[in-house]
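This report concerns only the one structure given below.
Order of writing sets the labels: A, B, C and D. Residues in every chain begin at 1.
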Amino acid sequence: MNFMKATTAGIAFCAAGAVSAADLEVTHWWTSGGEAAAVAEFAKALDATGHTWIDGAIAGSGGTARPIIISRIIGGDPMHATQLNHGRQAEELIEAGLLLDITDVAEAQGWKDIINPSSLLDSCTVDGKIYCAPVNIHSWQWIWLSHKAYEDAGVPVPSNWDEYVASAAALEAAGKIPLAMGQQAWQSSGAFGVINVAVGGVELWNKINVEKDAEAAGGAEMAKVFEAAAAARAMAANSNVQDWNQATNLVITGQAGAQIMGDWAQGEFQVAGQVAGEDYTCLPGLGVNEVISTGGDAFYFPKQGDADIEAAQKELAALLVSPEVQVNFNLKKGSLPVRGDIDLSSANDCMKKGLEILAAGNILLSGDQVLSADTSGQIEDLMVEFWNDPSYSAADAQAKYAEIIGDAD
Amino acid sequence: MAVTDSGGTESARTPAKKPNRLFKNLTAKLASVPMILTAIVVFIGCTGWTIYHSFTKSRLLPAPDKWVGLDQYERLWSTRRWLVSIENLAIYGICSLVLSLVIGFTLAALLDRKIRGESVFRTIFLYPFALSFIVTGLVWQWVLNPDFGIQSVVQRWGWESFTFDPLNNADIVIYGILIAGIWQGSGFIMVIMLAGLRGIDEDIWKATRVEGIPVWKTYIVVIIPMMRPVFVTALVLIAAGIIKVYDLVVAQTSGGPGISSEVPAKYVIEKMFQSQNLGQGFAASTMMLVSVLVVLIPWAYLEFGGKRRD
Amino acid sequence: MTDATANKGVTPRGAKPRRRLSPTNIMLYGTLFVASVYYLLPLYVMIVTSLKGMPEIRLGNVFSPPVEVTFEPWVKAWAEACTGINCDGLSRGFWNSVQILVPSVVISIAIASVNGYALSLWKFKGSEVFFTILIFGAFIPYQVMIYPIVILLREAGDVLSAMTGTKIRLMGSVWGLVIVHTIFGMPILTLLFRNYFASVPEELFKAARVDGAGFWGIYFRIMLPMALPIFVVAMILQVTGIWNDFLFGVIFTKPETYPMTVQLNNIVNSVQGVKEYNVNMAATLLTGLVPLIIYFASGKLFVRGIAAGAVKG
Amino acid sequence: MTNVTVKDLTLEFGAVRVLDKLNLEIEEGEFLVLLGASGCGKSTLLNCIAGLLDITDGEIHIGGRNVTWEEPSERGIGMVFQSYALYPQMTVEGNLSFGLKNAKVPKPEIAERVARAAEILQIEPLLKRKPAALSGGQRQRVAIGRALVRDVDVFLFDEPLSNLDAKLRADLRVELKLLHQRLQNTMIYVTHDQVEAMTLADRIAIMRGGVVQQIASPAEVYNRPSNKYVAGFIGSPTINFFEGDIAEGGVEFATADTKMPLTGYEASQGALSARPAWLGIRPESVITGTDVDTQPFTTEITVELFEAMGADTLVYTTLAGTPFRFRMSGQARVAAGDTLRIGFDPAQGSLFDKTTEERL
């Protein structure tokens, strides 16, 4: 990045009434190809205002990045803005008064009216004040199918989970891995969540995750979900990659039949030059229950105690939600924009599917919004063990799961 | 430079009077302030702080007023991941202690046989110690990769049925980490052992030669008992490293497959920062501390308890 | 003193093997050779992999030498590999590491050597107690202390700010990390120096006191020049330890000041499509280069220094 | 005028009392030797005088000044150590001038003093060398020189010759004696070697268990040891002890089977009274040959073993039921089994109380 040029540009903008130029350090964990391209859109937009985007990417998933982000905020050396999955993760930081209140920005920009679904803004709100700027909607409920793998195996590309399960044997016979899975805990847990919604239905999901109904978690309906997950586990047995995008890469190259992964996987297909519908197929809700969860990423602005920087932070907040940036960013990222009032005609098939579901209101809260990080962590621990240990029976895992839900707060 | 500085007792005082004890060695005490601060504030203070908070329901931020007693510990010991971590640490700890000592001593003894090219061998054995655990983990992950590494090479040589894939086999993954850990650290132990061997009087060798004791027996019966302090030093260094195993696992396996190569340090870090459950992380780290003390206190008692006089 | 230690650690003391090709010798060199393979294999793999192109890596095995040698991965690892939208490779981390390394090594060794000196020659009431705590500290898992240290650094920064009237932040600055390295390096280094100074003849210390040298006079004029071997050991240990540190680097710095290991981790974990093993290996080698060079260059001094004092005790 | 005074000096290491209310007065220009077996506290005492150990109680005066709590360098002392304690990284010149530099003595004066010390000790050619390049004797000269340049009234020696071989030790001993004669400084010299003590000292202080047993001239210590320990410690070969009783009136000392006249014994206090006691007879005071009959006590013994040492011959035998050694001058022609007639004057020996072991 050419800081000199950016600074020069900044001086020009100052004349137009902008606040004095500031260097804003922004931390995030978007480091894969598609993600990095999307972040670059933010940086470009911010640099154009005269401020400078100092990129603080931390590689290795949110798990690696969050400790760093949080210890810096707590240690009194906060960055100027940071990605966090919104929802309950930031609750305590807000209560401790470490994050900047950006209600005035939200009001000035009329976020209440434009942010869709409104639950996104609710997650940013504590005691009626808004503390974060949502930037995208991410939904986990997708399965990505490789056309090449199915062609090689000589079976048609399935259109729902049951067909897919049936086709697994053919894929295996053709030397393909039926299901590509990375081995990180959040992937195991996320894939399970997707199967949960698809097989068990939205109602069951809400009962367990929102109402924390341990009985439902241990019930017969849920047992089916665990059986399905156990079946998926068997299909993923030969997949021994670590990172999610390595798994996606198996699908892209046709070595694996499918991957259960959130919509961010789309960015990888895009970077690889693949076209939805031609090279790959995406099925929301595994083709069974067409819903999408509306978690997503949001940016928080730790307090700095410096008026100039605060003004710049607010400017960045407004910028992140602005229509143009939303379009550019989400097209690259493969996620859905947070505002319903923008034109995404250039979006691809999968994104359009997502937009339709969103418009129809078939939405679901995301895990981050309803479960504490601690409970999510426990579920991740359980799932990563379950997915990787074929001897861990579905019944045992379910019992443990019910226990965790019972203890959840 | 204040060369006339007199170790704290200033010449200005009336000489006939015994000076205040507090000001005796004043310079030495002042110079030790960083050490005293570290010992008290960091090692005692921070540890105490952590132990206290392990009895609270601290989440993302410390919450000293939310006292929950032993809840965190109860949950800790009913968590499979923690139990697996403890088991792994025990296996890793014992194996790496024994293997490091044995390999370190054997290599040192071999190098001490007046061989040619001693410094070349020594450098070869020692250089991995210069590399970080992150690097170590990454390299061994690569060498042990079933598709490209040792397994595939041996298979290409014609041993089709050969399987050596520790990093993807939950039952033996900890040994895969052990191979890397030993690789990194045994050279340093070798150097310490070598230094110890060099410190042994040559007359001992002459004496055993005169008495016709075989070389191997000399090592076991005479040399090793004489090197007790060296073994203690080596033991301390290895043990201090074992409890801290973290980077290696993160780089090599990330705890996988599943949770089969988790270690306590990783559990602590992840509970504290990732799951935002400080109380749980603190409880786990307190248990780590307790296990260290369980090993350390009897040892310290045996080592220093007997000769408290001086 | 000096003449006694000068020869230590250089001459092998074991019995002399007699004939060149005796069975014992074959066993001896055979074992050493096998061990060498184990130790050298990863280095070899790193080097050959870093010199191959990706297509060749996918086809061949890790041990085959590169058919077509390419330095592209090295260039990429050093200057082009991306983390997020920063694509300047390891180069930035290198200079950060140097900036962290130099003050950390100097300060931690300075403090630990003074500690060891005071503990062995200027004992005062309670000094042994503090030392015992320090040694126990070597065994306390870092994790136990990270969180409170984050808070301590914040508070210390606030206190300093209030005292000096300027805004000082220890957390996230190089100096915060220097403090952390000094603290965690202290137990082992202090032990090292204490044992070394304890082996210095006490009469030398007495003679210097009669000659009117005080605490610092004796330290700088008498002990320091005598302690060079142990300083070399301490320096090597600290340089490698600090250079290789990941945990503290990742928690106590920020992106602009990330040390090289953190950058390495970032590069290796920032997978863009497929893992570029060759770039990863080149990055790994680059990161390990500084400590490797130090070991290759001063291995002999290291062994000598250890022999001269580190193992007593 | 007294130069060094030690008053009621007590030193404790934790619960262990190393020195117990020790008193010592050393005259100006005196050569005092602290003699004792290892662990008797003699080096500890010297370190206390030097200020290298902080004492628990008592006072130390040097040159009339109370220096109890002063730094070693402020006490006006120079010290020479057993291991020489030369600073290995400095040249001989650097070693000699280190103390003066610390005291901020002007450069020209340093040069002058170093030159003078080097001249006295004949080490001028060595000035530019490092200690490692010197022989043991040369090193000890430098160590002495280091004390010399300090231009102080009191020299402290801590077993300075123990690390040297026998011949060098004898040479340097003589040199030290000459040095003392030339400089006339007060010297306090710690050794466990009684030959050094006897030859060098003006007075010897014999120490045991942190207590001074006797402080007196070498002759006095040799001839009139104040207790049985001193008697046994001084003299080589060691003194012979007989166990027995003093007869009423102090006329006779009787063992189980032998009676020895004590006429003429100079008792320390008053007259001898009857009591169990030890009689010490030095091997040198035994007479053989023609003069035997002049002695108050004569007897015949059988030679059990003999050691011919060149200048004299040591004969081992048994007398009055106890092993007995005596010295014959010259190369006496004796053989094991020979019968010899010997004689000595028991009154010239030393009598010690059986229980207190104090001299009678």
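The rule we apply is simple: a residue touches a chain if its C-beta (ideal position, glycine included) is under 8 Å from a C-beta of that chain, and two chains touch if they have at least 3 such contacts.
This one's a predicted model, so the numbers in the text were calculated from it and none came from an experiment.
Engineer: Measuring between mean CA coordinates, which chain is farthest from chain C?
Structural biologist: Relative to chain C, the chain with the farthest C-alpha centre is D.
Engineer: Looking at chain pairs B-C and A-C, which one is connected by more C-beta pairs in contact?
Structural biologist: Greater number of contacting C-beta pairs: B-C.
Engineer: Express in whole angstrom the distance between the two chain centres, defined as the mean CA positions of chain B and chain C.
Structural biologist: So the centre of chain B lies 15 Å away from the centre of chain C.
Engineer: Could you put a whole-Å number on the gap between the CA centroids of chain A and chain B?
Structural biologist: Using C-alpha averages as centres, the distance is 39 Å.
Engineer: In angstrom, rounded to a whole number, how far apart do the mean CA points of chain C and chain D lie?
Structural biologist: Chain C and chain D have C-alpha centres separated by 55 Å.
Engineer: Where in chain C do residues touch at least two different other chains?
Structural biologist: 146-147, 151, 209, 212-213, 217, 221, 265, 268
Engineer: Two or more other chains in contact with one residue: find those residues in chain D.
Structural biologist: Where chain D meets two or more other chains at a single residue, that happens at 71, 73-74, 102-103.
Engineer: List, in ascending order, every residue of chain B touching at least 2 other chains.
Structural biologist: 3-4, 6-7, 24, 269, 272
Engineer: Using the touch definition up top, name the residues of chain B that touch chain C in the complex.
Structural biologist: Residue list for chain B touching chain C: 1-8, 21, 24-25, 27-29, 31-32, 34-36, 38-47, 49-50, 62, 103, 106-107, 109-115, 118-119, 121-136, 138-140, 142-143, 145, 148-149, 152-153, 156, 183, 187, 191-192, 194-200, 202, 205, 209, 215, 229-230, 232-233, 236-237, 239-240, 243-244, 246-247, 251, 264-265, 268-269, 272, 278, 281-282, 285-286, 288-289, 292, 296.
Engineer: Spell out the part of chain A that touches chain B in their complex, as residue ranges.
Structural biologist: 63, 66-67, 70-71, 74, 89, 91-93, 96, 183-184, 240, 242, 372-374, 376-378, 381, 384-389, 400, 407
Engineer: Quick check: in the complex, which residue numbers of chain C touch chain B?
Structural biologist: Residues in contact with chain B: 8-9, 11-17, 28-29, 31-32, 35-36, 38-43, 45-46, 49, 57, 60-63, 111, 114-115, 118-119, 122, 124-125, 127, 130-131, 133-134, 136-149, 151-152, 182-183, 186, 188, 190, 209, 212-217, 220-221, 240, 243-247, 261, 264-265, 268, 277, 280-281, 284, 287-288, 291-292, 294-296, 299-300, 302-303, 306-307, 310-313.
Engineer: Residues of chain C touching chain A in their complex?
Structural biologist: 82-86, 146-147, 150-151, 153-154, 157-158, 169, 171-173, 250-252, 254-256, 265-275
Engineer: What residues of chain B sit close enough to touch chain A in their complex?
Structural biologist: Per the stated touch rule, the residues are 59-61, 75, 79-81, 146, 168, 170, 254-260, 269-277, 280.
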